[in-house]
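After this come two complexes, each holding chain A, first together with chain B and then together with chain C.
And then the complex of A and B:
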């Protein structure tokens, strides 16, 4: 019996390891939509692959323009203890290497019916690369994970937070901060 | 016994592999639905600098004086309805969606370290700041605070230019350091 249990555990461990090796970024990233797709791309994480994709071609901005994408991310049926992972694309339109800061930001304003959570803890937002340096004209995909502890009490049904992307500019120039809006609806 | 000894290294190896892969084993929880719009957000602002009292003036500033980023004159207030020619900055919405724009102005760095009063008015060691947009009534200028300023431009359509300017009223207390200082202005852009 003991040998059988040990054998089963070993097989299970190898199975998991092989599975991770094939999909190191997790299921939600393996279905990453092309930047040439236009809304909406829906991922129903119950099955870990896109449940539906409605898309049409759209023009990407010129390579010399810095941009981020997407502008809005809607997370539905969320609850404390749940995890939601999506990504943000950052494009460096400069002809030189540029360092960016990617981080959680309190919303400057919110959508109708949504609130900014006063009790929100910024550590609940995990930015996989918070200070990337991009090569000229490089586009980088940066996973963002929202993970709220199961014991956290969220009073609002709908709330919003932003992901801010700001390039390191020399002193004395007007800085540009591009913000992706994340709108959360609790279940 | 021999079989267990043989297996133990593999079991430990399996545990180590599990530990190693755990951080990247992130995914979205069951039943949580994510909908993203893969549109692009990007703007350009030109020019991206302003020397206060440096358009027609010397670049040196007086206390208790209101300066504008007005190409027609550093202390010339814009018209009742702000004209393009009275705005130094041009913002181009290069996004693929309408955008909202906010402009924050931080405290001065260096010199007398004058701070933003966040009230629009100046004080002994603080300055007041506003922003204004071409086509709007000048009285509707927007207070520029160091954080969370009100919205300057709402729902700017795709590919549309908008000209805007900045107003700063310097502190009332005389300068003591006589050292140049600078201030950081940040344009915050988000999808409407």
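And then the complex of A and C:
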């Protein structure tokens, strides 16, 4: 009798296991690495966090040059209520400590088929470090989270926003601004 | 002994059946949000960060060029004032915008005409055909300097047309050159 019960339980468990592999589930985030992905990332929840940053970067500018990376981030199958996280790398090419401002920015232009959302609320973009001070030649990885409330109505299928990185400097000077373009495709 | 082995085997299978569903729950579905990014670098620097004008007159045009005067047309490298160095790994679009001048009553930037405390600021770069082809800068929108740019450097200049003033307080304005992937 005991053997029969155990056998039935095992068969039942096996069915459950197979069933869960195909079952629908709540929102989650996965990463589809492109051939030149900056860093291999594996995430398994609604909040993606880079698990490692190990890849060497081709075409990296000289250490004495300030840069940001990546230039473009594509988010697909997005929807109100979902949360997507990626990161931006900021490199300080100066020989002195430098304070930067990292923030949401309206696009100066958009890709074909994309629009700039006039109703976009900048609080939907969360910059984990908006005023980082970088040591000389330091490269900092700064997570950026896109989190739009589930009740927010997004009319456009494809839209774009930018992340701006700019050195803090007094008014009255000529500044340079480096921008990362984030292109969103709604599901 | 046989019963003991069967129980051990049963226990292992039961434990497997418990863990397999946990792993499968994270399998991809067609509703997953996806993120892709490639290791492109955006990098520019500008070698001349200030334009100190000193005392200036009403109704006058001032040049930020290599000579302080209007450069020869069409604009060439030698006539420009500043150099943008591009270290980006992909073609970029360079755009430029400015903010109203502050200090005292301030000066507003206009795209139509100069006036009382209203000035017009322009930017041009190598290959700009002539002074009339320079881009008018305001704090409302960005002007494109170059699209799909992958050169090592771009040289540029500015000019300021003043209106009339209602105070003699010093002014300062900010110009921002922006680089983003094309």
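One rule holds for everything that comes next: the second predicted complex is superposed on the first by the 126 of 187 C-alpha atoms of A that agree within 3 Å, B and C clash if a C-alpha of one lies under 4 Å from a C-alpha of the other, contacts with A are read in each partner's own complex, and residues count from 1 in each chain.
Keep in mind that, in the parts below, contacts are C-beta pairs under 8 Å (C-beta built on N, C-alpha and C of every residue); 3 or more make two chains touch, one makes a residue touch a chain.
As the structure is a prediction and not an experimental result, all values here were calculated from the model.
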Quick one: is A:145 in contact with chain B, with chain C, with both, or with neither? Answer first, second, both or neither. first
Going by the contact rule set out at the top, does A:71 touch chain B (first), chain C (second), both, or neither? both
Thinking of the overlay built on chain A, is A:176 touched by chain B (first), by chain C (second), by both, or by neither? both
From the superposed pair, tell me which chain A residues show up as contacts to chain B and also as contacts to chain C. 3, 6, 9-10, 13-14, 16-17, 20, 24-25, 27-28, 33-34, 37-38, 44, 48, 58-62, 65-79, 82, 84, 86, 93, 108-109, 162, 164, 166, 171-181, 187
State the interface residues of chain C toward chain A in the complex, per the touch definition above. 6-7, 10, 13-14, 16-18, 20-21, 24-46, 48-51, 82, 84-85, 87-90, 92-93, 95, 97, 99, 102, 142, 144, 172-181
Over in the complex, which chain A residues touch chain B? Could you list them? 2-3, 6-7, 9-10, 12-14, 16-17, 20, 24-28, 33-35, 37-46, 48, 58-62, 65-79, 81-86, 91, 93, 106, 108-109, 143, 145, 162, 164, 166, 171-181, 187
Which of the residues in chain B end up touching chain A in this complex? 3-4, 7, 10-11, 13-15, 17-18, 21, 24-45, 48-50, 89, 94-97, 100, 102, 109, 148-149, 151, 182, 184-191
Provide the residue numbers of chain A that touch chain C in the complex, in ascending order. 3, 6, 9-10, 13-14, 16-17, 20-25, 27-34, 36-38, 44, 48, 55, 57-62, 65-79, 82, 84, 86, 93, 108-109, 162, 164, 166, 169, 171-181, 187
